[in-house]
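Here the chain labels run A, B, C and D in written order, and each chain numbers its own residues starting at 1.
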Amino acid sequence: MYAIITISIVAIIVLFFGAIEKKAPLLPVVYVGLSLAFILNLVGWNQSVHYYNEMYIADNFSIAFNGVLIFTTLLVFIFAPVYYKPVKRPLEDIYALILFALVGSLIMTAFGNLLMLFVGIETLSLSLYILAGSKKFDPNSNEAAMKYFLTGSFASGFLLFGIALLYGASGSMNLEAIKQYVILNQAHMPGMLTIGLLLVAIGMTFKIGAAPFHFWAPDVYEGSPTLITTFMATVGKVAAIAAFFRLMSSSFAEVESIWKLTLTIFAVATILIGNLSAFYQDNVKRMFAYSGIAHAGYMLIAVIALKQQAAGVLLLYSMSYTIATITAFAVLILVREETGTFSIKAFNGLAKHNPREAFAMTIAMLSLAGIPPLVGFAAKYNLFVSAIGQGNLPLVIVAIIGSMISVYFYIRPVIAMYAKLPSGTAAIDSSSNYKKQITLAAVLMILLGLIPGVFVNLI
Amino acid sequence: MGTTIAQIQTIPLQYYILFCSALFSIGVIGVLAKRNALVIFMSVELMLNSANLLLTAFSAYRNDPAGQIFVFFIMVVAAAEVAIGLALLVVVYRSTKTIDINALNRLKW
Amino acid sequence: MELISILLLVFPFLGFLIIGLLQKHMNRNVSGILGSAVICINLVLSAILFWHVSSSNQTVQTQLFDWVKFADISIPFAITVDRLSALMLMIINGVGLLIHIYSIGYMKEDEGVNRFFAYLNLFVFFMLTLVLSSNYLMLFIGWEGVGLCSYLLIGFWYKDHANNDAAKKAFIMNRIGDLGFLLGIFMLYSTFHSLNISEVLAKASVMPSGDMTLFFITLCLFIGATGKSAQIPLFTWLPDAMAGPTPVSALIHAATMVTAGIYLIARSSVLFVLSPVTMNIILVVGAATALIGGLVAIFQNDIKKILAYSTVSQLGFLFMALGLGSFSGAMFHLTTHAFFKALLFLAAGSVIHALSGEQDIRNMGGLRKKIPFTFALFIIGTIAISGIPPFAGFFSKEVILTAAFEHGLGMGIIATVISLMTTIYMFRLLFVVFFKPESKALKANHHVHESPKVMTYPMAVLAILSMIAGFVQLPKLFSETQGFDTFLLPVFAKATGLAAVSEHGLDVQTEWMIFLVPLLVIAALIVVSYKRFVNAKELTEASGFSKVLANKFYFDEIYDFCIVKPLGFISDIFREFVDQTIINGIVNGVGRGTLFVGKRLRRLQTGNVGFYLVIMVFSIIAILFFNIIL
Amino acid sequence: MIIVLLLVLPLLASLILFTGKLGKHSREFALIVSLLEFGVALVAGYAFTFANHKILNLSLNLKQLLDIDIIINIDAVSLLMIMLTTLLVPVIIASNNNRKVRNHNFFGLILLMQMALIGVFTASEMILFYIFWELAMIPIFLITAIWGGQNRLKISVKFLIYTVVGSFAMLIAILYLYTLTPAPHSFSFDAFYHLKLPYSVQVPVFLAFFLAFAIKIPLFPFHSWQAETYNVSPVQGSMLLAGIMLKMGLYGIIRFILPICPDVVAGGSLIFLPLILFGVIYGAIIAIRQPKLKKMIAFVSLSHVGIIALGLLSNNHYGIEGAILQMFSHGVNVVGFFLCYQIIVIRTGTDIISDLGGIASAAPKFATLFLVVVLANVALPLTNSFVGEFLILLGLFQSNIYIAVIAGLTIILGAVYMLRMFQQVMYGPQTAVTTNFRDLTVREMLLFVPIIISIFLVGVYPSFVLQMLQTAVK
């Protein structure tokens, strides 16, 4: 709760600084604020506090995920200056919007009431709509924003209607109450509740960008400013999946029969479509969009295999996904700055001049592909095992085949970097702490890969 | 207040549900059928408002204010949404000189 | 005694190592002397052993160490010296020594002389391993080892690919046989759960005659033997093997290695006696080989080729003997043959040496004056091999002929014919080379010279041996004591006992017939061939059937056409088509397939929002439909 | 303790190398480390035999931290494989004197690979095994992709994908078996060994494992990556692949297929043995006419490992034990073969067999060593591979005569292709490229020492290995 407040305040301060045309203090303020928020968030660990009669629940689950989200945002902000190097103006609006989006995502992970879920989602989405279009004079950016907006608002329409139906059926929007209601009449579910649940599920599926509601993702990811894409692909996705997980686990765990098959089909479709479509991408940015879709599919497995362990697994997975993706995007930003293209060729011979970036990128790719001993493998491994533990072997087999396919396109940048000759001559220069971050991320991916147990058993 | 609820309850709940569903479907169809962004916004609004109506109806029938409170939130969000939507529309129009959504086809494959 | 038997193996191997490793730095003369010295020591040692086993009747058993040992299988390096192996020891080391000495002179000019002696010692080592081994697997080591040495020595002058091809051919053909041998070993092990020869024989002796497994075992062993001892169908390598230096031909391809097959069968006599079918096969194959070898020999013009085919024929003759169940007879002839065939080869070598490399007999003639000593030796060898008393060949052949006639008249006659053919080609060779008026080529070439003593003396020794060796066992007509048989009796007693051939000894007339008739014919043949070959101006080009014979029944061509060519063809097919097109094609096809799917899936992303929305709605409807209605 | 050392030493060394601080001393450093590693392995072997074949084991339960139990056992088979690895890696490192490839990363990768391989050969916990299994693939892939010959990318990627497919099949099988283990589920080998699967379950499990290993080994018809990969990757890469890496597959057969699906091995021999058998003959026949030396080695290796696989699946303890011995021998021989190949190629710049010739007269020392290697490859008695092949064939013979007979044909074919190659390359008149062919330098001679020694040691006195193994084979 304090985290949310802090961040909101920081956002307002940022806006204020922008208003008085001060560029210098902006980022420091953000850094400090986020770090503060991170710490405040951790306060109250193991004592699940409820705010505003169960509107907002700060239990370990939400705290852990919020930690991840805040940390990710911090990383994004660290990469910001390099990305916005050419821009003169303070960019307070963009920073503030990112912060507000973060607030939305924090609410999503911790909602105790469908109302808060909706509010959180909308806070996140609305901010993202604007951010997606924040390159005002870039038609791609505009188009991305428009597409995102249209599909997004459409989807939230369904979500909302679903919530309404749930409310109608159960008579409450409180997760706990709904759970009670569901337990009471497991025997004969009113059709209204089923429909409501499905609509909500669909809405969430859209937000995490899983098939068959993934179509917006590639276009939006490609069109939006890369930094924003990074934010969307990490914070947006993780928050959505966490919210989805929370919803399902806290209210509808007992009625798997209604939604399990549907979600399984979603997951299978997502994994296959995501990986196969990424297979042929030459545009790396877009490739990451598809890889993001694929990973959404994997995360859905965690939702499907609902048991206590799964929360931890999901946490680990989202961490691995976030770190790897953010590292990859960071390098991508660099390369883009240098070569002006997102094509895979841009990576040719990167290892020659920028060994450190290349190394980080390699680690990220391998981690995403799930090659041991990196965190990506640990995450997948735990995910699959917990899924199998509850008899989802076919699903897991599909997932394995998916990641088999994924190896191919994840390895392509690596090959380009190491085995192809560089096109440019000079090394791409990047600020020193940028380098530090990238290296840190790479190290993290290895370390977490070595001690995944910590996080799996965290919540 | 009580009388209003009583009057509301004279109409069976199913009617509200059906009506709202119909309204919602109209919204959906509008979104699908139209290629003009502006109209699509309006259809989306229709969808949201159908949900509002549904919530209100439920809350009225259950004597539970939560639903109606939610409606206010939704209205706020909807307003914000429209604002953003129109803003984007303007931007897009500036670049493509049209508000036909089929004109948005730079990003694909 | 155990120590000696081990030293027998140690010395030649040391010789090989020393000469082999110091090749570069060793004086070219030293190596020869060293090599010979080693064999000389060996000869002494084996003499001691020979005396020991022949005086006392027990065999020398020596266990070195376990070679293959785990679970229930245990195959040690173990040495057994009984009379049979003792005899072989004498032959190998004796002939070996002489040939070593001879080579000192023969290889003088060759720059690879050190390598030569290294190989030669290695050969002796393996040959001794072969005859000393107490189990089949160790025997197999020697078996393959001598094959290797013969490969190295045939291809000794490796600059010329012809020699290498010959060597390769020899090795591969041997390998074919070896596979048979190996399978035989497997069967032996599966049947008797041991490879120790004496153990196997003991276990086998209780089995019924004509037992099926025994048949297959013996058949496989015999296949092995055909490879090593150049029998049909695997004999074609031996004539080509003459590409090697002549001493090698003498030692390996006449006296010792090629007799390994006979030794193997004699060793496992019990097994063979118990499977009459195999015995008959051996008999037939042996006879056929002997005939073909003899026939072909008559029409060859290369002095060494003639001797080679003669060897083939003689080996066939030996196999006949084995097939007839006269093992000791076979060993007897093996011994004498070792002497006179070695002698003949060395003499031929001396001739070639004298003519500085000339091998075609059409370019020879009248050498008896030029190199009288060699001439004399050659005559002795010829007489001995043609089986003219009182030289060695006569006696040993006599035994086999008798055995053949005991087996039946037909077989007896065939055997006689074979032994007579020997006379024809040998005397043809003799006359053409030594009596015939000189050829122009030879006239031109003046520096024809007698070989040095280091070469002639060993030959002399062999000549003496091939004169007197026969007397160890006179035909039954003249003496009751069958020296050789009695010597080998302990080895073959069991076999002959099992054979249980109805001992209807031939009556005296037939014995005389067998004794006299050949002699008359031989005399006649000598006269005829003298007329035919000495007075003939030039050897006419072969034609008609003789052409077929001159081309050794086109065996090589047939093999080439039926095996070599198809194999190459298949190889190309596999490499070019199956591997590249089919298998690789499939693999790549799968990859491309996935790529293709990816390509198509991308197309789904049309970039049109309307389309996205439609898809969304339709999937929503579908989901609701499936969940509610169904 | 020793085990940890075995694993950590090369890992640390590789990390040090990756930093690139050592510059041009990298090779010496790597060599020293690998020699140390060999010493450690010897100590381990001593400890093993000294504690009369008691299995060295290291077991840490780190569920909380790693949610993987670290279980590492060294039994006879593992030990033999470790010996092979630690013996060959120094040779491989030292053999590299190619300027282009002399690079700290290169050696780092080799050592990393060594660590992974040792991990594979010692892990006794499925996931640990799988991790090492995958880890072992990355270095060799990078080696091929970065330092390889022309169109190295296409081929190395194909190789990567191909093997990944296999290992994922294995992963599926592992996960499936995991679900069958009694709760609480466990990934330890023992847990897997103890579940007695019905035949119907064994079959799919077998197929999954078999696919994985057949690709790795490789067996016909999954070999199409082999020749290409050998051909493009630098010689050291080929050595790693042929000498050690493909033993992973065979090792996998020993560890998983034999204990987990015994009935399939026992019953189904007529289903897959003929396939492998065909591969054996197929490889041999192709080798007969293969124009390029390196590709020929690939196909020869295909044939040889096929024989080994036959032995392992012969369902007969002679066959299995022979095969295990042969795994060691083959590694040594093939590396020796590649050494000769490298020497020829560096000297002459070509590996087209028909272009070569007459080297023997120019370089007698080399000729002798090469001859020994060739003879070891044709399994001449008293060389290492004879005993192995003898036992394998014996085992096959007892389980199925016909297969044994056909497999025996390789004895002949082996002689054919080897002698053809040797004659073409070494004998005959010298050709343009082989005139003034320099004979071996001392350094090169030293490279051969371990190879030659192990050829004759195992050839003459294999019992010490065999007796060590027999406990494991049980």
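To be clear about the criterion, a contact is a pair of C-beta atoms (placed from the backbone, for glycine too) under 8 Å apart; a residue touches a chain by one contact, two chains touch by 3 or more.
Quantities reported herein were computed from a predicted structural model and do not represent experimental measurements.
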- More C-beta pairs touching across which pair, B-C or C-D? C-D
- Task: Look at all chain centres (mean of CA atoms) and spot the one farthest from the centre of chain A.
- Result: C
- Centroid distance [mean C-alpha coordinates] between chain D and chain B, Å: 67
- Query: Where the CA atoms of chain B average out and where those of chain C average out, how many Å apart are those spots?
  - Reply: 100
- Rounded to the nearest Å, the gap between Cα centres of chain C and chain D is 37
- Once you find the CA centre of chain A and the CA centre of chain C, what distance in Å lies between them? 80
- Task: List, in ascending order, every residue of chain C touching at least 2 other chains.
- Result: 602, 605, 607, 609, 613
- At which residue positions does chain A touch at least two other chains? 146-147, 150, 154, 158, 218-219, 408
- Contacts with 2+ other chains: residues of chain D: 161
- Message: Dump the list of chain pairs that touch, please.
- Response: A-B, A-C, A-D, B-C, C-D
- Interface residues, chain A side, partner chain B - complex: 115, 118-119, 122, 126, 129-130, 133, 136-137, 139-140, 142-147, 149-150, 153-154, 157-158, 160-161, 163-165, 167-168, 171-173, 192, 218-219, 222-223
- Under the touch definition given earlier, write down the residues of chain A that touch chain C in their complex. 146-147, 150-151, 154-155, 158, 191, 194-195, 198-199, 202, 206, 212-213, 215-216, 218-219, 258, 262, 273, 276-281, 405, 408
- Message: List the residues on chain D that touch chain C in their complex, please.
- Response: 158, 161-162, 221, 223-225, 227, 282, 285-286, 288-290, 317-318, 321, 358, 360-361, 364, 375, 380-382, 387, 390-391, 393-394, 397-398, 404-405, 408-409, 411-412, 415-416, 419-420, 423, 426-429, 460-463, 466-467, 469-470, 473
- Message: Using the touch definition from the top, list the residues of chain D that touch chain A in their complex.
- Response: 62-67, 127, 130-131, 134-135, 138, 142, 145-146, 152-153, 156-157, 160-161, 164-165, 168, 171-172, 175-176, 178-179, 185
- Query: Tell me, which parts of chain B touch chain A in their complex?
  - Reply: 17, 20, 24, 27-28, 31, 37, 40-41, 44, 47-48, 50-51, 54-55, 57-59, 62, 64, 66-67, 69-70, 73-74, 77, 80-81, 84-85, 87-89, 91-92, 95-96, 101, 104, 106-108
